[in-house]
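Chains here go by letter, A, B and C, matching the order in which they are written, and residues are numbered from 1 within each.
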Amino acid sequence: MKRDLSIPFLALVVALVACGNGQDGAGLGGELLVSAAASLTDAFVEVEAVFEDANPGVDVVLNLGPSSGLREQILEGAPADVFASANIPNMDQVVEAGEAADPQVFVANRLQIAVPPGNPGEVTELGDFSWEDPLIGLCAEDVPCGEFGRQALQKAGVIPAVDTNEPDVRALLTKVAEGELDAGIVYATDVASSDGAVEGIDIPEDLNVVAEYQIAALTNAPNPDAAARFVEFVLSEEGQEILAGYGFASP
Amino acid sequence: MNGSGLSAHFTLRRSDGFELRLDLEIPAGVTVALLGPNGAGKSTAVAAIAGLLPIDSGSITLDDVVLDDPDRGVFVPAEDRQVGVVFQDYLLFPHLTVLENVAFGLRSRHVGREEAAARAREWISRVGLDDLAARRPGKLSGGQAQRVALARALATDPRMLLLDEPLSALDVTTRSELRHDLANHLTVFEGPRLLITHDPTEAFLLADQIHVIENGQVTQTGSADEIRLRPRTRYAADLVGSNLLMGTARGGVVDIDGRALHLPDQAVDGPVLLTIHPTAISIHQLPPEGSPRNSWETTIDRVELLGSRARVRTSAPLPLTVEVTEEARSALNLEPGSHVWVAFKATEVTVQPDAGS
Amino acid sequence: MSTDEARPRDAKVGRPPGLVVVLGVLGLAFFAVPFLGLLGRVPWSDLPELWSSDVVVDALRLSLVASVSSTLIALLLGLPLAWLLARVDFPGRSLVRGVVTLPLVLPPVVGGAALLFALGRRGLIGEPLNQATGLVLPFSTWGVIIATTFVAMPFLVITVEAALRNLDRRYEGAAAALGAKRWTVMRRVTIPMIAPSLVAGLVLTWARAFGEFGATITFAGNLQGRTQTLPLAVFVALESDRATAVAISLIMVIVSLAVLVGLRDRWWKAL
C-alpha cells in the first residue's frame, strides 16, 4: 500500500537544511579568528565578550596588530575569518586580492594630540610639532595613524621635527604616557581608553583627519557562518553602542 | 758579581694546609740540590724563592738583599728579584718565537729592541740553537725547549739560578746529553744555584750539596757520597738503591723482627739506622760457611735485570735488595720463588745513630 | 714522527655513525631552509635600486656605526670586568656574574624598557642627567649604541672570563720571574694567550649588536638617519613593502655571513 510520505520527507529536508546551515544562534560554533586593528583592542575585547555570551558555541580569538601587518598576514594566507581595518586602503588591497568582498565602514576615529599628564612639553597645537625641543613621536608612515597624522600636519602646513616613528600606536602611547615623549598624534579612542595615562588635545575640525574603519568577513574564512554573524553584530545597534563607549564615532 | 749567595730560612703554609720548612745557605758558585719525591714541597720552594708565593715566617735573602721577611714587612715581588728560573715544563711563551722568548726578560726590563735581540742571539748561540731563533716553541723538541728555557733565564743576567726539574720532561738519552751541557752552564754561572729534582742521578752528578726533602721537611743534607753511603730515611735509601733497616741496638746486636743482626762495633746501644749496600750481600744455595755473622734463609721475591747486573729482592724474614752479576744469577738459577741463603759481614753494616725517630 | 701518506684511511675509520649524519643534516636544514625561503623572495632585478635608496643607505650606515661602536665599548668595559670576575674573589661575585648574564636571558624589549627606566628623561639617572646637562639619550644615535651595547656586551664578558679562567697562570708567573711588571705581563702574555677567545668574543658581540632590534626600538625609537638601523628598517618595511624588507634582509645576511665566514675555523676553535 502506498503511504503518503510527503510530510515526513519534508520534515526531514527541513531538518537537514537547518542542521546544514546552522543559521540560528544556537547552531554556531568553533573558533572565530578576528584580525583587528590595534586601536580596536579595548572595544573589541568587550565586543568579544558580549558576542560569546550571545553565541555560546563560538570562541572568538582576537588577533590585534597594525592594519598593514594584518593585511599582509591575510595576503600570505593566514586563516582569519574577519578583518577589521583602521583604514580603507588596507581593506582595498585585501578585497583586490579576492580575500574579502563587500566591506562596510563601521566606525570612524578622529585624531588627537596625546601629551603626558600635566603636559610638561607645553604642547598646545599642531604648530608646536615643528619645534626641535620637544620630543615628538608619530606612528610609522605605513601605519594608518601615522599616515593620517602626517596628513593632518600637512593640512596645518607644519613640517614636524619627528624624533621617532613608532611601529604601532600602542608603542607610541606608552612612550607618551611615560613622559619619554612630549607629544604624539594618536586616535581619540586611544586617549579615551588610556584612563588618564595620557591627556588629549583636540585638533580643529578643518585640520583633523577622520579614519574610516572597515570590516568584512573574509572569503576563505574557515568559519564563514560565525564570521558573517560577527560582522552583523558589529554593525548592529548593540555593537555600535559598545564601540561608541570607547570613543569611536559612528560612520 | 760575587755576592754572598742565597740565605733562605723560612716556613710557608699553603692554602691546603701543607707546610714547608726550609733552611738553605747557598754561597756563590755552589750548586745545591733539593731532592725529593712528588708532593714533597719542591714546587712550593721554587715559588717562594722566585717570589710567586710569600712565606709565613723567616726570611729569604739574596746577595745581602732581603727578598722576603714577613716580620719586617718586606716582600720583593718576583719581577724585582733577579732570580733566573727554569720552570718545570719550561713554560716557553707559545705565541712568541725562540728569539722573542729569550729576549723577553730583557725587553721587560726596558732594554732596547735591537740590543735585546742581539744579546738573545748570543745566548741562543751559546746553547747551540742558532738556526732556531725564528721557530715557535710548539715546533721544538724537548731537548731544544729545555735549552731555550735555560737561555731565557740566563739572558737576564740573574743573581741566582733556580732550576725546577730541568731534565724530567726528557727521555733518557736526551737527558744524559743535556745533563752534561747543564753541568757546564752551571759551572760557569757565578752566583748560587738551586736545583730541584726527584732524580738522584741528576742530584748526585750536578750538585755539590744535596738536601733531601720529604713532606715539607728536609730530612737529610750532605754530599752525594754521604747520602749514598749513609741514607737516613727509607726514601733516601730507596733512592740510592741501598738497604736501610731500623732498630734498637744492645751490645752490638740489633733485633729486627726476631732476627739478630750483628754490628761491627759491640759497644753500640740505642736506636740505630743500618745501611747494607746491595753489593755487600751474597747469595748462597746452601747455608754458608765462613765468617759472615749475618745470614739467614729466605726466598726470592723479584729479580730485576740491569744490563750485566741483577738486582734481587728477597722476602721474609727481612727483605733485602741484593746485587749480583748476571752470570752469577743464571749460574745459581735465581728466580722468584727460589730458596736461598743470604749472608753479609758485620763489617759491611754501616751504623748511624737514629736521632730523629 | 713518521708520516703515512699511503692512502686516505677515512674510508672505514673515523666516519660518523649514520644517525649522526642524518640528524646533522636535518639540523642544517633547519637553518638553511628559511634562508632559502628568503632568497626565493628576493626581487633580484630591483635590488640595485632598492639598495641605493636613502632608507637603506642610512640604515646600513647606522647599523655599522652602532655595532662597531658597541663592540669597542664592550671591549673597553667588558675586558676589565671579565678580569675582575675571573681573577678577584670579591664578595657578591656570583651575583655580579648573574647580573651581567641577564641581558642574555631577558627579552630585548624588556632590556629596552629597563634602559628607559634608567636613562630615559624620567629615568633614575636620565632625569638628573637631563636636568643638569640637557642631555637626552633616547631617540638619539647614542641611544642606539647604548641599547646594542647592553645586549651584546655579555657575550664578550662571558667569553673572556672563561678564557682567563682556562689560562695556565704559570705562564704569568714565568713572565714575572723574568722581570715583567703586571702591565707588561697582561700586554705581552695574558692577552696574546687568550687572543683567539677574545676575537671570537668580539665577533659574537658584534654579531649580536648588528642584529639587535627589541631594545633599540624600545629605547632609541625609530627614525631614519638617526636611529633606524637595518633590523628596524626591515621591520617597518615588512608592514608596507615586502620587497624592500626582503632586500634589506639580504644585506644583513650578506654582511653577517661575510664577517662570520671570514672568522675561519681557527677562531671558532677558541669558543
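Note that a residue touches a chain if its C-beta (ideal position, glycine included) is under 8 Å from a C-beta of that chain, and two chains touch if they have at least 3 such contacts.
If you're wondering where the values come from, they're calculated on a predicted model, not measured in any experiment.
A.B. asks: What topology does the chain contact graph adopt: line, ring, star, complete, or other?
C.D. replies: Graph shape here is a line: each chain touches the next, no loop.
A.B. asks: Which chain has its Cα centroid closest to the overall Cα centroid?
C.D. replies: Centre-most chain by C-alpha means: C.
A.B. asks: Among all chains, whose Cα centre is located farthest from the one for chain B?
C.D. replies: Looking at centroid distances, A is the chain farthest away.
A.B. asks: Let me have the rounded angstrom distance from the C-alpha centre of chain B over to the C-alpha centre of chain C, please.
C.D. replies: 53
A.B. asks: Rounded to a whole Å, what is the gap between the Cα centroids of chain A and chain C?
C.D. replies: Averaging C-alpha atoms per chain gives centres 39 Å apart.
A.B. asks: In angstrom, rounded to a whole number, how far apart do the mean CA points of chain A and chain B lie?
C.D. replies: Their C-alpha centroids are separated by 90 Å.
A.B. asks: Send over the residues of chain B in touch with two or more other chains.
C.D. replies: none
A.B. asks: In the complex of these two chains, what residues of chain C are touching chain A?
C.D. replies: 116, 120-122, 136, 138-139, 217-218, 220-224, 226-228, 235-236, 238-242
A.B. asks: Which chain B residues qualify as touching chain C in the complex?
C.D. replies: Residue list for chain B touching chain C: 47, 50-52, 77-85, 87, 89, 91, 93-95, 104-105, 108-109, 152-153, 156.
A.B. asks: Help me check something: in the complex, which residues belonging to chain A touch chain C?
C.D. replies: Listed in rising order, the residues are 66, 68-69, 72, 135, 137, 140-143, 162-167, 171, 175, 178-180.
A.B. asks: Flag every residue of chain C that touches chain B in the complex, lowest number first.
C.D. replies: The touching residues are 170-171, 173-182, 184, 188-189, 192-193, 195.
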